[in-house]
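After this come two complexes, each holding chain A, first together with chain B and then together with chain C.
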Partner chain A sequence: MWNYYFKLGLMSLRRNPILTSLMVLILGFGVGASMTAYTVMHVLGGDPIPHKSGKMFVPQLDTGSAEDYKAGDEPDLQLGYLDTDAMLRARHGSNRTAVYGIAPIVDAQRKDLPPSGEAGLAMTRGFFEMFELPFRFGGPWNAAEDDAGSDVVVIGRVLSEKLFGAEDPSGRSVRLADRDYRIVGVLDLWRPVPRYYRLLSGSSPTESEQVMVPFRNAISREWRNDGWTNCNGSSPDEPGFAGFLKRECNWIQYWVQLNDAAAVAEYRDYLAAHLAQQRKLGRFKRPDNIRLRDVREWLAFNDVVDADTRLQTYLAFGFLLVCIVNVVGLLLAKFTARSGEIGVRRALGATRGNIISQYLVETVVIGLAGALLGLALSYAGLLVVDHYSFESAGIAKHDPWMVAATVAVAIVSAVLAGLLPTWRAALQVPALQLKSQ
Partner chain B sequence: MELKPILKTLLRNKIGVAVIAAQVALTLAIASNVFYIVRDRVAAAGQPSGVDEANVFRIRANSYRDIAEPMAQQKMDEQMLRTIPGVRAVAMVNQVPLGQSGSNSGIFVARKQVQSTTNAAFYESATSMVDTLGLKLIEGRDFLPEEYLETDGEPPYPTSLPIIISERLAQLAFPTQSHFAGRVLYRGSGDDATELRIVGVVEQLTTPWGRSSWGSQTGSESVITAVRLPSSSPQYIVRTQPGTQTEVIKAAEAALVKPGDGRILEPANSMLELRERRYRNDYFLSSMMATMTGLLMLVTASGILGMASFWVGQRRKQIGMRRALGARRSDILRYYLLENFVITSLGIGIGVVLALSLNFFIAEGLQLARLPLDNLLVGMLMLWAVGQLATWFPARRAAQIAPATATRTV
Partner chain C sequence: MLTMKNLSKIYCTHLIETHALRGFDIEVREGEFVAVTGPSGSGKTTFLNIAGLLEDFSDGDFLFDGASVRGLGDDARSRLRNQKIGFIFQGFNLIPDLNLFDNVEVPLRYRGFNAQERKRRIELSLERVGLSSRMKHYPAELSGGQQQRVAIARALAGEPRLLLADEPTGNLDTAMARGVMELLEEINSQGTTIVMVTHDAELAQRAQRNVHIIDGQVSDFDRNISLLRPRAAAVAIPA
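Up next, the complex of A and B:
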C-alpha cells in the first residue's frame, strides 16, 4: 500500500515538474540556510572535550585596586606571573598548566628557507596531557626539562613538514630567534573549535600554534606575551622584564584539573590561603574575589557563541519558517486543483485515512528531495563561513549527527507544510466534486 | 468600487489569504530588522578614521637577534624610507589605527578621581603623526621638534608629557568646554599619575580597534604622545604621494630588511587593507544577511505569484463571464492587483506588530537601539512593490482570457 502511494506521489510530482521543483527549491534553501547557521552555532557552542570538561577549571583572582571595587566585579580573565609561579610550585590539583602566547622567529638555517615568524605557545608540560594533544612523533618534554626551562621544543605538523618534509625530526634542532632548541616531539594536526585553551589570544591565527616551548624557558628568555596583557596598579621600581614580572599585570592563562567536588573544595581553600598569604606582602587589596569556572562555564562566560552567530541562526530559522508557509500555499493550491481526482477515489471507496496517507507520502517525497538539496547547500554555506570567518575556520564538516538533523528538519518541515493542505483535501465531500464534473 | 466583491471572495478563501498574509508579515518583520542591523554595521565599517587612508601604509621589521643600537636602527630605517621617491612622510609608531593591536589606558581628569573618565588608545610617535597620517588639526598645534622625547621606557618615567588628542576624547573629558588646548589630563590616578598637557586637538583619529558593532564604543578616543622608544619590532607608517603607493611599498619591502641583519620583514599593509581586515566579520554578516533577505523576498514573491496563478486558473470561467458582461481587460487587471494590495496590506499590518516585537527581543539581547521607523517604512514599500510585481504576470494572463470562455462548459 505505502509502496503504491509512494509511486503515486512520484507520478504526481512528475506531472507538475515546475511546481514540484519550486517546492523542493524553496524547502532546500530554507533547510540549507538554517542548518548552516545552526551548525556554526552548534560547533562553536559545543563541548570541545566532553569527557573532561567538568574537571578542567580556570582560576581567576582579583588584583584590582581597592578604591574602585564594586561588589560583583569580575576578576581578570588571566593571572599575573607572581600568582602563576606560586600556583605552579604548589602543585595543587591533579594537573595544571600555565600558558601564554609567543611569536618566535624560526630559523631553519637553510638558504632556501628564510627565517619566518610563527605563532607559538609557552606552556608547562601539563598542557599536553590536559588538552590531550595528539603526537605524530616523539612526545612532550620531561618534568626536569619543564622545571629547568630547557631549550626544548614541540613543533606542529605544518611547521615540521615545512622544515623537514615527512621525516621524523625528533632529536634534531631548530633555531628560535638566536638559540638552538632540541625538537622532542611533533604534534599531529590539532585545532579545536572553539580555541578554548586560550580564548584571549591577541591576533586570530588561521592555523593553530606551531611552536611550543616550556613556560620557564620563555620566561628566562624574556619573551613577552603575544596577546592580551592587562596591567593595573602603579609602575614597578625595577626596570626591564624582571620589573614587568613583579607588576600587577595579568597575561597568563592558567588551567587546573580537579577530578571531584572534594578536589574543587580543596583548591578553593588553597586559593584563599594563597590570597591571605599574599595580602601580608601588600597585594590583593580587594575582598576575596575568586572564580573557578570549568570548561563549559568558561566558554559561556566568554561569550564564545557571540551575538552575531545567534542572530544569524535566528534569522535563518525565520527564513525557514517563511519557506514552510510558502510550501503550505503551493501544496494547498496543488491539492485543491486535484479535488476531482480525490472525489473519484473517495467515491470508489478510499477512506479519509487513505487519502491522508497518500498525500503525506507525497509531501515526504518532497521533504527528502529538499533534504538532499539542503544538505548540499548547507555544506556549501559552511565552506563560505569557513573561508570568511576566522573564529569558525575549520568547521566545514558535517558530523553524522548534523546530517541526520538536516534530513530530519527537512522532512519535518515538509510534513508540517503538508498537514493543512492534506487535511483540507481529505475533508472534501466526494459527491460535491463528482457533481461539478 | 470593486473592494466589496474582492473582500467577499477573499473571505471564502480564508486559508489562501492567511498563507500569503503570513508570508508577507514574516518577511516584513525579518527584512526591516535586517535592514537596520546591516545599516548599523555598514555605518560602523565606514566610520572615517581621520587618516588619509588612500595614501598611508604600515610596514614592520622584527629582529631575532639583539640589536646593539635599536634607536640608531630606527632612525636609519626612517631615513631610508624617506629617500624612496613618492614618500611624503614617515613616522615610527607603537600602533596604527585599525591595526587591532596596541595599548590603551584609563584617562582621568583629576588626580583624585577614582573611576577613569574613559579608556583611550595611546599612540607613541617619534615624528609627526599629524603629518604622516594626514590628520586634521582643529585646535592648537602639532608637537614642536624639541618636544619629542627619547626614552628607554624604564623608570624613572617622565612626570609630564605634551599630548594631542582626538576631539571625541576632548568632549568626553570636558563636556562643558569648547576649547581644550592648554588643559590637563592624567594617565592613571594618584600621585604617580602622568600629567598630560593638551597642546592640540585633531578632528578625528580612530583607535587600533575602531568602532565596535552595536555602537557601544565609538572607537575615537585617542591620545598621541611624542615619544620614541627602542623596539625590537618597530613599525613605520608611510604617507605617499597620491598614486605612488604600490611602487613605494615595493621599494620599501625590498630595502627595509637586508639578508643577514637579523631581522625579518612583515609585509606592508595599506590602511585600506587594515580597514577591510578589521571589519571583515561585519562585512560578512551584512552581506550574508542581505543575501538572505533577498532570497526571502524572492520566496515571498514566488508564493504570491503561485497563489495568484492558481486563483486565476480556478476562476477562468468567472473571468470570462465578467468580460462577456462588459468588463474591460484593465478591469480584470485592476481586480487582481487590488486583491493583492488588500492581502499584502493585511500582512503588512500584522508584520508591523511582528517587526516591532522582534526588534524588542533583538534589542534586549544585543544592546541595539530601537528600530527606526524609516526602516520599517522601506520594508513596507518593498513588500507592496513585490506583491504588485508578482501579481502582475498572472493578472496579465487573466486579462487575456477571452469572453467566449464563459460559454464553454469545462
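Up next, the complex of A and C:
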C-alpha cells in the first residue's frame, strides 16, 4: 500500500505545480538556512578526536598573585616555562607535549621566492603522536633531537610544495631565522576543526601551521610566543629572554595523555606535589586550584561555539518554523481543494487511516523535494560562509551525517506541516463532499 | 438486504434542528431494483447516505445484510462499504488525475487484492461497461455517459451486493441516460440489489418498485411492483 501512496504523492506533485513549487521552495529555504547554520555550529563544536578526547587533558595551575585572589577563580589557561620544563622532565602520564606559537622567517634562498614569515609551532615530539598528525614524507624528529633541541624541522605540505614541489625534501635544509634546519618530515594536509590543540593562538591562520620545530630548540633560539601571553607582577623583572622564562608568565599550552581514571588521580597527586615543592621555593601564593579538562570539556569551557553562532542557529530554526507554518497553510488549501477525492475514496472503502497514510506520504514526497532543494541551498550557504567568515573559513563542509540530517529535517518538517491538514482531511464527512462534487 | 425501522436523522446547528428523516421505515430485499423518488429536500440523499454507511443516523434501527450497524466504528463501516456496497453518483466522481484503470482500481486497493487479481477485475468490469479499450484514457477524455459507465465499472469491480445510485442519469442526455439505465437493469438481472434515487419519473417506472419520500418519511410505496420483472417478489414494507 505504501508504494501506492508514494505513487499518488508523486502524481500529486504534478497536480498543482505552482502550489507545490511554492511549498517545496519554502521548505527548501527553511531547511537550507537552518542546516547551514547548524552545520557551522556542528563543525565548530564537534569532537575533533572522538576516540581519544576523554584521554587528553589540559592541566591548569593557579599561579596568580595573592593580592587579588578570590576563592574559586579560574586558573590561567596556559602554563609558564618553569612549570612546563619541570612537567616535561618528570614525564608523568603516558604522553605529553608543550606547544607554543612561533612565526619564523623562512628563507628558501631562491631568487624567485623571497623570504616569508610562516606560522609555526614549537613543540615536543609527543605532539605528533597525541594529535595523530599525518606524515606525507619522513616522520617526527627523534627523542634525542627533542631533548637536545636540535635544528630539525617538520614542515607542512603547503610549504613543502611551495619550496620543493612534489618531491620528498626529507634530509634537505631550510633556513629559519638565519639558521639551517634539517627537514625530517613533511606533514600531509592537517587541519583539525576546531584548532583544539592551541585555542589561545594570537591569530587564526586559514592554513594550519607549516613549520614545526622542537620546543627546546625554539627556547634556545629565544623565539618569543606568537600568541597569548599572560604575566603577573609578582615575580622580579629580569632582563632578556632568560628573565622572561623565569617570570610568572603563562604562554605555553600543555597537554598530557592519561588513559584511565587512576592515571588522572595519579597525575593530580603529582601536580599537587609539584605545587608543594614550588611553594617551598617561594612560588604559588594561592591555595591549590588544579584543573584537568579533557578535550570536550576544554572546548566547552573555551566557548568554541560562541553565543553568536548559537543564536544564528536558533534564529535559523525559528525561520524554519515560520516556513513550516506557511506550508501548513498551503497544504490546508491543497487538501481542501481535494475534499471531493477524499469523499470518493472514503465512499469506496478507505478508512481514516488510509487517508491519513496517503496524505502523510504525500507530504513526505514534498519533504523529499524540499530536502533536495535544502541540500543545494545549504551547500550554497556554506560556500558563502566559507567566503565571508574568517572563523570558519574552509572548515564548514557537509559530511554524510549532515546530508542525512538535512534530509531528515526536511521530511520531519514536511510531516509536521502535514499533520493538521491531513487530520482535517481525514475528518471530512464523505457524504457532504460527494453531493457537492 | 436493508431494513430501516423508525429511523430518524437530525442535523443540529447551534440555532436549529433539521429533521431530515423521521419515522423512516423501509425494507429492501436481496435482488430488488428500488427507485426512490421525492421532491428536493425530502430526504432521498440522506436516506442513501445512511444506507451506504456514509452517514450515521440519530435514532431507530438499521439492519444491513441482517446485522445492526448501530455503533459500528469507522473502520468497520469502511470495510462494509468496500466489500458490499457500490456507489454511483450524479456527478460521476471519478478522480481526474487517474486514468480509467487506476480509477476502477481504487476500491480494489483498499480491499487488499494483489496486482494480478486487481487487473483481472478491472479488465472484467471495464469490459462489462464496454470501455475495455480505453483503460489508459483519463476521465476528461470521455463523454458524460462514458464517465458514468466508468463509475459503474468502479462500483462493480468489488462485486458488491448492493448498488446505491444517486441520480445516476441526472447529468446525462436522454440517449446516454437510457444506456446507463439499461446497464443498471442488466446488473440487477444478474442479482445485484439496486437502490436508485431519481427525479425522473420515466426511469423510476422502470424499477421493480418505487418508494416515494416526502418530508423525511416514506409516503407511498409498492405502487409499481413492475410487471416487467415477474421474478421479483412483492415486498412487504412495514407500516
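Points to keep in mind about this one:
Just so it is clear, the second predicted complex is superposed on the first by the 430 of 437 C-alpha atoms of A that agree within 3 Å, B and C clash if a C-alpha of one lies under 4 Å from a C-alpha of the other, contacts with A are read in each partner's own complex, and residues count from 1 in each chain.
Just so we're on the same page, contacts are C-beta pairs under 8 Å (C-beta built on N, C-alpha and C of every residue); 3 or more make two chains touch, one makes a residue touch a chain.
Bear in mind the structure is a predicted one, so any value in this text is a computation, not a measurement.
In the superposition on chain A, A:346 contacts chain C only, with no contact to chain B.
When the shared chain is aligned, chain B comes close enough to touch A:330, but chain C does not. Applying the stated contact rule after C-alpha superposition, one finds that A:17 touches neither chain B nor chain C.
Within the superposed three-chain model, A:68 lies in touch with chain B and out of touch with chain C [touch as defined at top].
Of the two partner chains, neither chain B nor chain C is touched by A:282.
Counting the residues of chain A touched by each of chain B and chain C gives the higher count for B.
Contact with neither chain B nor chain C is seen for A:400 once the two complexes are overlaid on the shared chain.
When both complexes are overlaid on chain A, the residue A:4 reaches chain C alone and has no touch with chain B.
Put simply, chain A uses no single residue to touch chain B in one complex and chain C in the other. Those residues of chain A lying in contact with chain C across their complex are 1, 4, 11-12, 14-15, 340-341, 343-354, 429-431, 434-435, 437. Residue ranges of chain B in contact with chain A, taken from their complex: 15-16, 19-20, 22-23, 26-27, 29-30, 34, 37, 62, 64-66, 100-101, 114-115, 154-155, 157, 188, 190, 192, 213-214, 262, 264, 266, 280-281, 284-285, 288-289, 292, 295-296, 299-300, 302-303, 306-307, 310, 313-314, 362, 365-366. Within the complex formed with chain B, the chain A residues making contact are 19, 22, 26, 29-30, 33, 67-68, 103-105, 107, 114-117, 177-178, 202-203, 234-240, 243, 307-308, 310-312, 314-316, 318-319, 321-323, 325-326, 328-330, 332-333, 336-337, 388-390, 420, 424. Every residue of chain C that touches chain A in the complex is listed here, in rising order: 45, 49, 52, 54-55, 74-75, 78-79, 81-83, 87, 89-91, 93-95, 97-98, 106-107, 109-111, 154, 158, 166.
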